[in-house]
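Each in structure tokens, the structures are laid out below.
Across the two complexes that follow, chain A remains constant while its partner is chain B and subsequently chain C.
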Partner chain A sequence: MARALTGYLYLVPVAVCLGGTIVFPILKAMHMSLYHHVLFKPQEYGFIGLGNYSALLRDATFWLTLWNSFVWVFGSVSLQFLGGFAAALLLHQSFRGRAFVRTVTLLPWIVPGVVVALVWEWLYQPNYGVINDVLLRLGVLRDRVAWLSDPGLAMGAVIATNVWRGVPFFAIMLLAGLQAIPDELYEAARVDGAPVTRRFWHITLPLLRPIVIVATATRIIWTFNYADLIFVMTGGGPANATQITSTYTLLMAYANLDFGYAATLSVVLLVVMLVFTVLYLRVTRGIESVT
Partner chain B sequence: MDDRWVLSRRQLLKTLVASGVVAAADLAWWEEPLVGPRRAWGAQPVRFQFSVPEPKRTALVESLAQRFNQSQKDFEVRVEFVPQAQARQKLITSIAANNPPDCCQVWDNWVGEFEGMGAVEDLTPRVRDWKHYKDVTPIAWQTVTLRGKILSFPWVVTNDSVYWRTDRAREYGITPPRDDWTWDEFQATAKAFTKLEKNQYGFGMRGQGTWAVLYATEFMYANGAQVLKDGKVAINSKEAAEGLEWYLDLFRKGKVCPPSVPTDGWRSIVEGFGRGITNMYIHNSGSSEEQKDFVGPQNFATVPLPLGPAKKRASFYFSETLTAFRNGKNRDGAWRFMAWLMEDEPNFMYCKTLGLLPARKAIADRPEFARDPAYAGFIKSFPFSIVSPYLAYAGWGGKLDSEGVPLFQQALVGKLTAREFLEKFAEVLAKNMA
Partner chain C sequence: MSRGRAEAPERVLRGPVLWTGLTLLTLFALGPFVWVFLASLKTRADLYATPLRYLPAQLTVANYVDAWTSRLTPFSRFFANSLWVSSVTMVVTTSVSILAGYALSRFRFAGRNALLLIFLATQMFPAVLLIAPLLSQWYALGLIDTYQALIYSNLSFTVPFTVWMLVGYFDAIPRDLEESALIDGCGRFGALCRIVLPLAAPGIAATAIFAFVTSWSELLFAITFTTQTEMRTLSAGLLFMVGQYEIQWGQLSAGVMISTVPVAVLFTYLQRHLIRGLSAGALKG
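Up next is the complex of A and B:
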């Protein structure tokens, strides 16, 4: 009994830290979401039940941001995955200078998000940015394109930047997975006369699947909450074309000072992510039992 | 030699370090031009938050704080630099946590919100007894007065005017804008300045940030519109819609603006002009010193905003304020420091270095401001300058950013007509008249 108690005592510091930094803020956000809490109107502070949730359902901008979030997340993650997979397959080959290339590949991931945003904002600058300049010189463009100022192009432009930044993450994760696949399996398949495509479909992909799922799920959660890039590059504009739910939450909290509504948005984001995580856990459990 | 007189290497180093520290500390005092009584050890700290940590401003504010610290012995100002993008958020958080700085530099459109939070120290009684009270222009006091209470010092004031390239006007044979130019002349000048083959545009319109909406509103005022009329929101009037339509068409149809307009904030419009991409833009006097470095003082000038069809025009005043907090730990120190920053030399240095206009008449009348062509447009705009109508309600400040700007951008890119934008915008304003 005393031994078991000692064990629990050792867990107390971790439990306190997790409780203080994760559980309490979540509960506090849920609590705040039930109140009218606009910082510059303290006299109106009060319990309004589900009033903020009801307002959120009627808020057209919220639905737009939710849709934008899905476009942002799935556009970014799917392209990051494809790019990262291709990079991992290349980096898995043996060639001179491989260690150097692997290190360089990591660079976009190492650079802080805000710096990436600033650099790409300059690259996209329509009047003196490098991208327009090169495309004009090559004859690909006839007129300058406002990549970040055109509502039809802005989301694509920020996704492209996020893809550039996120490819190394997938590349490294998948490379680690590739290196863990025993060579004997490939040799046996080769002896049996299996071509490259079949070896890829029947050995590489199935054995990488757990890593793919873990990496993809992690990246989806991160990207859903990742506001830095958009915040710096477009501020959610033009005309809300790149406004995702996390940047909208920031706007509600720190432009409108409406902490009650911002907390409601945070709770909804949490629910969306929880639903996704539960689905993900179910899928991975299924895969683990298969593997 | 007796061993007692031989210094060990460690003793020698300690002695050298100690004498170096003493000498350096003493030299610092000699170097200081504003020599005053040395600070007492018991000087009370004053926390001052400053939110534009650009290299020039950082050095300037540090220097001012040092001079203040040396000019008296009761208080020691410690400057806390916060990036501009986080300044408001940091202040809100510190107010909510009951730990605000003693005083800070903020824009006048934030003061109403902080007052709404019950956080701002009412300076009215002290200000009325302040020796320079009557020297500050009444309109500057208006920018910091809410419900009859003076809440801040207007550290600097500024209004808007049009920057234009004098050298390129000569090169392209363009008639220089007159002080009483009209919308038609403005448009014609913008067209003449637009040279697409040279990647040059006539007018750098702003599409991002609060002032994107404010500049557009100035044009609506020039067409006879008002934001508030008889206590009701009137920004959806016919005059406003026509004025806005004309303004938006400079970008949408006239093609005299760069394609980046919908996301161009103040940095972009200032740099666009500085890099020679645009040949006119609207801004306050705050970028005049920068343009002297970018394009050269002889190559640009400023002129008042053009007269609209209603033969009216407006330039919105705003001030960079010095504001003290009710829950600050050192309210006396905050007052002393803020009042000192409004004195002749500190105020002159701050305004001149940054290209902003002093709120005090005695300083504004100095030739450095009154005779500089870079300031001419601003000084000539004083007669028709008004306090921004969006300062009327605390709730409007945040809504301008969160709803006004995205709506304005929708109008810019053609997703909304000028009329639709104004109807929606008026609805937002009417809902937040608190």
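Up next is the complex of A and C:
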């Protein structure tokens, strides 16, 4: 009994930290979402029940942001996965300078998000950016393109940036998975005369499945919530072409100063995230019982 | 291991395909940084030359000096702010998560598994979700434009991950050593300090660096809870520089390098531990 009490005592600091910075703010967001609370209209402040939620359902921009979030998540994660898988297969080989290449591969993932955003803004810059210059020299483009201010191109451009940032994550996760596959399996298959493609399909892919699922699920949740890149690069523009639900939440708080509505969006994000997390835990539990 | 006679497709895969792939991978990852690094060393004339000049005709460190000493966007001040906020966050995070990680690893009590699950789930919590409520919370407490607001807020994303990682490290340390210390009359806390901490030191260092680096990179809290230039961190300062006037790409590139180098160095050191923690954390689910 006394031992159990000491155990709880060690947890008091962590409870204070997370209580004050996560639990209480979330309860507060739920509370705020029931109020009309626009900073520059203090005279209109008041309880409106589910008013913000019904406004949300009628808000065409909100539905657009959900669709944009889907495009953003699907585009980013699928390409990050493909790039990361290719990188992991390369890094799994033994060659001179492997440690160097591996560290370099990690760089895009470890630098601050705002740095990634600004670096790519500079690469995309219409007049002095290197991307237009290279594409013009190669003859792919005839005229300079304003990547981030063309509504048809902006989403593709921010996704490309996010792919660059996310490839290392998949690369190291899948590399860890590849290194966990016993060499004997490959040797046995080689002795049996299985060509490299067969070994890939029948050994590598099936054994990587668990880590692929875990990494992809983590990445989906994380990308859905990730606002920094888009926020810095386009602010959700042009004309909401890159507005995803999480940047829309920021816009409501920063630009519109509508805290009731921003809190409502936060609650919606929370619900979406919890659904994802429950699904994720279901799936990973399944994996654990198989392996 | 004798490879024997490798089949033709395999020889191609090991030779040209591998080297082409590695070259592309290195270019892909490093190219943008090289471009910005070059930009940071260019004069105005080189930066805005038509046609584009890839290599600077004349090397200059003026951009770094300007960024560091500028009165409108003082990177020396931003750097000091980032250093302070990240260091304090690191110390608090580490202390709090050592206690929590140790308790979760060594004591058996009701709700232990539920707690572990909560730490896993809160790792996925987006900052966006907390912005509006935290802002009104810090405002009510009079903490806007203080380091405390940033440090407290940072704990929301550093602590869950470090606790999760430390539980793993503590689990790997044999209990026998502590048990004998306990018999010798050491208290629980004494055993933690004298036996467990020295053994877990590499893991603790890794989690501490993790907390430092993620706080260093944090953007949204930093721009939301500060309004004065003197209170900006590097991330916030960079963004502020963009919003202020026509973008000075030379200075901005220098600022980008200043913010990047410390985390790149620390992460290189952290790499091995972090990858282990990540893949273990993900697979434990």
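Simple rule for what comes next: the second predicted complex is superposed on the first by the 291 of 291 C-alpha atoms of A that agree within 3 Å, B and C clash if a C-alpha of one lies under 4 Å from a C-alpha of the other, contacts with A are read in each partner's own complex, and residues count from 1 in each chain.
Just so it is clear, a residue touches a chain if its C-beta (ideal position, glycine included) is under 8 Å from a C-beta of that chain, and two chains touch if they have at least 3 such contacts.
Everything quoted here is computed from the prediction, not taken from an experiment.
After superposition onto chain A, the partners chain B and chain C occupy overlapping space and clash. Contacts of A:128 after superposition on the shared chain: both chain B and chain C are touched.
Looking at the shared chain after the overlay, A:182 reaches neither chain B nor chain C.
Once the two complexes are laid over each other on the shared chain, residue contacts for A:206 go to neither chain B nor chain C. Once the two complexes are overlaid on the shared chain, A:238 sits against chain B while remaining clear of chain C.
More residues of chain A are touched by C (comparison of chain B with chain C). In the superposed model, A:11 makes contact with chain C only, not with chain B. Looking at the shared chain after the overlay, A:255 reaches chain B, while chain C stays out of its contact range. By the touch criterion stated above, A:41 is placed in contact with chain B alone, chain C being left untouched.
When both complexes are overlaid on chain A, the residue A:19 reaches neither chain B nor chain C.
Of the two partner chains placed by superposition, only chain B is touched by A:150; chain C is not.
Clashing C-alpha atoms with chain C appear in a single stretch of chain B, chosen from 77-85, 167-175 or 311-319: 77-85. Residues 125, 127-128, 254 of chain A contact both chain B in one complex and chain C in the other. Interface of chain A with chain B (complex): residues 38-42, 61, 125-128, 144-146, 148-151, 154, 234-240, 243, 251-252, 254-258. Contacts from chain B toward chain A in the complex involve residues 88-89, 92, 95-96, 112-118, 199, 207-208, 258-265, 272, 275, 277, 394-395, 398-399, 401-402, 405-407, 409-410, 412-413, 415, 434. Listed in rising order, the residues of chain A touching chain C in the complex are 3-4, 6-8, 10-11, 13-14, 17-18, 20-22, 24-26, 28-29, 32, 86-87, 90, 93, 95, 101-108, 110-115, 118-123, 125, 127-128, 130, 133, 164, 167-168, 172-173, 176-177, 183, 187, 190, 195-197, 210-211, 214-215, 218, 221-222, 225-228, 231-232, 246-247, 249-250, 253-254, 259, 262-263, 266, 269-270, 273, 276-277, 280-281, 284-285, 287-288.
Chain contact summary for the complex, chain C toward chain A: residues 1, 4, 7, 9-10, 13-14, 18, 21-22, 25-26, 28-30, 32-33, 35-36, 39, 47-48, 50-52, 54, 92, 95-97, 99-100, 102-104, 107-110, 115, 117, 121-122, 124-137, 152-153, 155-156, 159-160, 163, 188, 213, 216-217, 219-220, 224, 234-235, 238-239, 242, 249, 252-253, 256, 259-260, 263-264, 267-268, 271, 275, 278-279, 282-283, 285.
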